[in-house]
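To keep things simple, chains are lettered A, B, C, D, E, F, G and H as they appear, and every chain counts its residues starting from 1.
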Amino acid sequence: MDFSRRARTGIPEVVLAEHKTDEQVREALVRLASANGRSMAARCRPETLAFLHDALAAEWTVFADPSLRTVIVATPGAVIPSSGGRVTIIAAGTSDLAVAGEARTMATEMGCDVVAINDVGVAGLHRLVRPLERAMAEGCHVVVVAAGMDGALPSVVAGLIDVPVIGLPTSIGYGHGGRGEAALATMLQSCSPGLVVVNIDNGIGAGAAAALIANTSARNRPK
Amino acid sequence: MDFSRRARTGIPEVVLAEHKTDEQVREALVRLASANGRSMAARCRPETLAFLHDALAAEWTVFADPSLRTVIVATPGAVIPSSGGRVTIIAAGTSDLAVAGEARTMATEMGCDVVAINDVGVAGLHRLVRPLERAMAEGCHVVVVAAGMDGALPSVVAGLIDVPVIGLPTSIGYGHGGRGEAALATMLQSCSPGLVVVNIDNGIGAGAAAALIANTSARNRPK
Amino acid sequence: MDFSRRARTGIPEVVLAEHKTDEQVREALVRLASANGRSMAARCRPETLAFLHDALAAEWTVFADPSLRTVIVATPGAVIPSSGGRVTIIAAGTSDLAVAGEARTMATEMGCDVVAINDVGVAGLHRLVRPLERAMAEGCHVVVVAAGMDGALPSVVAGLIDVPVIGLPTSIGYGHGGRGEAALATMLQSCSPGLVVVNIDNGIGAGAAAALIANTSARNRPK
Amino acid sequence: MDFSRRARTGIPEVVLAEHKTDEQVREALVRLASANGRSMAARCRPETLAFLHDALAAEWTVFADPSLRTVIVATPGAVIPSSGGRVTIIAAGTSDLAVAGEARTMATEMGCDVVAINDVGVAGLHRLVRPLERAMAEGCHVVVVAAGMDGALPSVVAGLIDVPVIGLPTSIGYGHGGRGEAALATMLQSCSPGLVVVNIDNGIGAGAAAALIANTSARNRPK
Amino acid sequence: MDFSRRARTGIPEVVLAEHKTDEQVREALVRLASANGRSMAARCRPETLAFLHDALAAEWTVFADPSLRTVIVATPGAVIPSSGGRVTIIAAGTSDLAVAGEARTMATEMGCDVVAINDVGVAGLHRLVRPLERAMAEGCHVVVVAAGMDGALPSVVAGLIDVPVIGLPTSIGYGHGGRGEAALATMLQSCSPGLVVVNIDNGIGAGAAAALIANTSARNRPK
Amino acid sequence: MDFSRRARTGIPEVVLAEHKTDEQVREALVRLASANGRSMAARCRPETLAFLHDALAAEWTVFADPSLRTVIVATPGAVIPSSGGRVTIIAAGTSDLAVAGEARTMATEMGCDVVAINDVGVAGLHRLVRPLERAMAEGCHVVVVAAGMDGALPSVVAGLIDVPVIGLPTSIGYGHGGRGEAALATMLQSCSPGLVVVNIDNGIGAGAAAALIANTSARNRPK
Amino acid sequence: MDFSRRARTGIPEVVLAEHKTDEQVREALVRLASANGRSMAARCRPETLAFLHDALAAEWTVFADPSLRTVIVATPGAVIPSSGGRVTIIAAGTSDLAVAGEARTMATEMGCDVVAINDVGVAGLHRLVRPLERAMAEGCHVVVVAAGMDGALPSVVAGLIDVPVIGLPTSIGYGHGGRGEAALATMLQSCSPGLVVVNIDNGIGAGAAAALIANTSARNRPK
Amino acid sequence: MDFSRRARTGIPEVVLAEHKTDEQVREALVRLASANGRSMAARCRPETLAFLHDALAAEWTVFADPSLRTVIVATPGAVIPSSGGRVTIIAAGTSDLAVAGEARTMATEMGCDVVAINDVGVAGLHRLVRPLERAMAEGCHVVVVAAGMDGALPSVVAGLIDVPVIGLPTSIGYGHGGRGEAALATMLQSCSPGLVVVNIDNGIGAGAAAALIANTSARNRPK
């Protein structure tokens, strides 16, 4: 494991539990938490979450979120210092909430304030405008937009505001272009030139990139 | 050639010139025009258009449009009877005009009144709303939306109006999802459930389908 | 949720249950039915259907169809007003019946009369001709053709009749071009220029588009 | 080169000129013709055809067909002995004629009688039925069907007759599923179980396979 | 169902059980067997086979083969008349036996004598040569070669013999080009020009095509 | 055209000349420059650049860069106000310079200071470290890394520094994964979680996003 | 089975258990072990491993490794003669250990000394350098690098050392380029020209090729 | 440029001219040749070769091979020291000669003795056996097999000999699986487990890897 990743890149190492045994996940979490005070795993199976809770709750504070498939292990009493970064995370539909939540968790771990706007969709742009204006007025540094199916929402959002927008395609969809491929492709072809993207269902990456942008903005180190 | 196609399906046979010799195109146009009074070819090379004009203009009225790559051959003095169908054709950007124009030509050939709305794009929805409202108020039966790149506009339009919308992906784009593949995929994944699509750059097909819908609506044959 | 979608587009919002929890589906159905008198969910798991029946049957009329994976929730006693639209839905084979049925349910919800023609196939065109002629004679406004495997039937039908045809590829098939990809591609390449398509297994979309076309035709609002 | 291929497999070696220099093609043709009395090259550039004619016509009989991109080199006065095989080759459209012609040339070289039926298409099945019945009545052993675009014709033919059918997809088409991919896929997914296929534009292969089947049938060697 | 398919095309209709309910399969088998004396289903789930046996064994002779996933239903005492066709079916490896067996069953149902050669592989060509020579000497009309992984064997066989060869790619394989896609592609690109192919795992189609070729050869109807 | 895009999103509209006529490009540039003082076109053909110079140099200051295929049109004497944003742009190899240059031009147009580091590659990481450290020490807000072929460099850079990194895949490459597809895919799969990407060869988009991030950081608007 | 493969190619035949029955695997292992003293199966299901142990442990020495899904069957007391070949196998991450282990087992069976370096990753190059230098100093003949996700590590390693490097992509990954496709493509596009690759998850193949190279090097048969 | 690559990895840096200007190629060649005594460029346009000859022949020895698209620049009189490595390079067909030649050139530059075997093909295995046996008897360390179309030859060769085999797919082919994709996929799926591959048309890479293996074998540094 890469214990110095956080110091070097500003992003903590996250354990991807998907292809690891429960015991491998536990060991990695403990080693990272021992070094840094906190650690996080994503894409955990339900039984992995249960196993980790049983194995770790005696010594550590354990936050397991089955709907997001994430777990956080922390030194009891430790708090995350605020970075001053402000991130807005938009989920296009109910089915995109889990991936958007993964991004939110990651950005929160990196010290950001996160505003969540849920269940908008291209057809319901009116539902988006008001809360987005409010977030912008509060000084949002960056916006993440999670969308599956036609993946059209991030382009629309990027055409409306003047802060960076990260498109986060989700694997919601079916048939041709399903598993998020259409959403990813349309974001890459976006007519809104400032849009950047991460891979399908990569909530961790979107949250990390957003927090990095927000934190860079917040510390504003002029030379 | 299928001389009875128009009678059977309401759609005239169109000669696709792309993989044919100039002479094959000329012969097909003359045979169809002799039978039906008019005939049309699409995807003509510039030299094919010149050849056809030279070969046919003595006997026929020839309309050649190099920007659309189409040619129409008609009995001098013949007019297209109005079907009463009303079609709106929207082009998302300047680069989509040729494919949208192919659709307009086809719908016009099938007797429809066509309203064209050009160069909108997702970011410029405000430029779309007014002319679209006007077209709807005039009794539009069906809308075609030509869009390349992210292909997001047809979904947006389909979420705004209560007549059928045909998505017409164009091959404008580049890199991953280029050649219209992203546009097609996102239209197929549209969150607006009434959207139907045709193949990439298939302006003839979109125009034919739109005219068929409009003409069916116009003749309103109740039983 | 988009409560005004029906008013704006003529198409009711349908809850896609596939990636939602049972409770999320229940809540969405109740909110939509409370607003509109009826609501519908598609792609329901069997246990979701059972859950919804148990949770809602006391207060609402619940129609759950396990073979189509759909459920409809309605105010007791409410009926769907007839729109006058007439839709024909053809299933190429026995395996295409579920997707065709989804289309039929959607068109019925939108007020259309639906005629179903089942289990024809390219090889059995003689089985198709008679019932199709009967449907056309009764004033059909639009035809949906559901087909998997080689997906050839929609092109054939579109070459025979003069009303719009919607190709509905199904995921029946195997090997190269399986999961409906060959059927979709061949429909997009159709030699019958008026054919339009929806995504693989998108019965809801095909039904919605067909009903929109039929209802536009039926109300025939001349200017 | 494989001089004994014909003796071993019944199929003469054909020189694919596409990626070879003119001189390489000439040398291969001369060596094969010297050994076997005849030789053939396919996919020749126009300038290759001219070069071969100039280089070889003094000593050999040279048949160059620019529309098919083939050339045959033969000992003057040599004739192809009839194998008794009877092959029918159908081209769906005008644009498929070149590939169908390549198949016809190959089958003819292998001693077969070839019947050609051109420009039918799914929509024009009536134009197919009569000449196909005539070919069957004359004792056709095998049918090749060349089709691009939706590639639907081979399945239809295979559902009508009781001799083997070879689907020959052509690269005619555009957009999604273009370059013959949709045609190939739909033939592979055919609902007509006896259909076999060759690769896109592989007229040589289709003609060779058809002639092999016809010649096997004609010599009818019972044991 | 298509009761006249056998009369028209020489190939009996086969029920594909994969996407059908047990009851739908049973009904189809009974109707076809009542009309033709025999009927067959492929791709049956184990429980479907058990259900069919229980439901049909009282009245019909039922042959269920779980390893091939096929079932045959026949009038007790009925026998298949020999067509005189002779088919050789080669399986490249042990994993290809099920698909090869499906082809063998189909060809047997169509009256052919079938010779099976199993478990050869490109590396073990010496194991192939002797039995293949024996089959050719006995008057084999056509060869089917089932191969997954690199799919190289059909090309090798087609380069050795002078009867038609049908490549039958199987879905054995993994990683890039897995699920039979590499095997299919390499067969389509074969350097042996007489090779024809069917879709991945399409044992029914390969068997049907082989039997059609063999039966056409056997009846040798000269004109 | 979208004249207010810059005000709304902080990104000026760029004319993509690739699918437009010279005259369409000229008109768009003049209209945008008249409104905003400056305008820019990308993906210009060489003859388009010559045409624009001839047509516009009398009235405007015209900067045409044939190696980048860009042109900038500006009111004579106008200067770009510095935004305070600092962007570093790295090109992995000589072949990536054009796309990296497009990004540099765009970021410069948006008021940023740009540092360019050229021709590093994974094998030459030692050539990267020194100039990257210098750029970081000078207060770089964001890094763009252009890379084709294996596309490995952006991941490596993102693992070294604590500011946002944008991966810009280029279409340099060949064979499987060529045209930039391997580079894009590997960037999307990056083990460095903060990496975001744009489409292949989308230098404009990468430059715009980088400038947006840098400018957001520079203005550091705390609330 | 190919009993002489080992003698002919230096590589023992390995039984791929994935698509075989337990009984087929057992029989193949016994026949190969009877002929050669040892035999090996890969991709075994857990129940296959249990079955083999129960069936074979009375007569043979059985090494079953559930984490690698391999089993080795050997004559009791038999040892593998050392070939003198020295192979280094690097796993980029914890999730790549199983595939790397398969390669290690294969190389060990072929008589090589294997050094394993685990869990490095591009970001942790410093963890790689020391053990790699030690392996090189000990006279390593060839290096295998197993990597999923972005697949960048093999290129980096190949740029550092002067012995052959085999890239072994693993199916670890998700979304676009997942299942190892991005890793494979980036290795094929490597800027390090000496890198060769095997298919995704093909640990057996990587181990066999590495051992072949090492053994060829070790026996150094000068002429 | 990476001047120390040769020292570090044993492989000289090769200039890929495809996406570079003539001047960039010239400059790179001169700088590398000045440092190392020799340098090489690949994928040169014909006019690049002419330009380089004119620009460099006064000072350097220039070997330009238009059929291979390579150029070598060397200090006059310099010779390549023999490494003792022995490489065999097989080209399946005439069309594969250019790519095989690129591999030969690269291996020669790295000091190896190269034996070339040309124009074999799967059907002509008898033409391969004799020269391959001779090469093996002379102490060949490694074999490269270049093949397009079905790409079957490398697997066959790998099943016959006990030294490492590198599959080199070429872009010869057409239709489905064309541009070398089928050849690459079938090599990756090879049933001969010791086969390794490089990307399509990557003759440089195959030659470099082969020379690295041969040179490692030749120096046989036991520890």
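Here is the rule we go by: a contact is a pair of C-beta atoms (placed from the backbone, for glycine too) under 8 Å apart; a residue touches a chain by one contact, two chains touch by 3 or more.
Because the structure is predicted, anything quoted here is derived from the model rather than measured.
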Remotest chain, chain F as reference, centres from CA atoms: E
Pair with more cross-chain C-beta pairs in contact, given D-H and B-C: B-C
Cα-centroid distance, chain B relative to chain D, in whole angstrom: 36
Distance between chain centroids, defined by C-alpha means - chain A, chain D (Å): 58
Gap in Å, rounded to a whole number, between the CA centres of chain F and chain A: 26
Length of the line joining the C-alpha centres of chain B and chain E, rounded to whole Å: 46
Junction residues of chain G - those touching two or more other chains: 5, 121, 123, 159, 174-177, 181, 184, 188-190, 192, 199, 202
Touching pairs among all chains present in the structure: A-B, A-C, A-F, A-G, B-C, B-D, B-F, C-D, C-E, D-E, D-H, E-G, E-H, F-G, F-H, G-H
Chain E-facing residues of chain G, complex: 1-2, 5, 16, 18-20, 24, 28, 169, 171, 179-181, 184, 199-202
In the complex with chain F, residue positions of chain G that touch it: 93, 121-123, 149-152, 155-156, 159, 173-178, 181-192
Chain E to chain D touching residues, read off their complex: 5, 8-11, 14, 84, 86, 106, 138-139, 141-142, 158-164, 166, 184, 188-190, 192-199, 202, 204-205, 208-209, 212-213, 216-218, 220-223
Chain C residues within the chain E interface of the complex: 94-95, 119, 121, 123-124, 172, 174-177
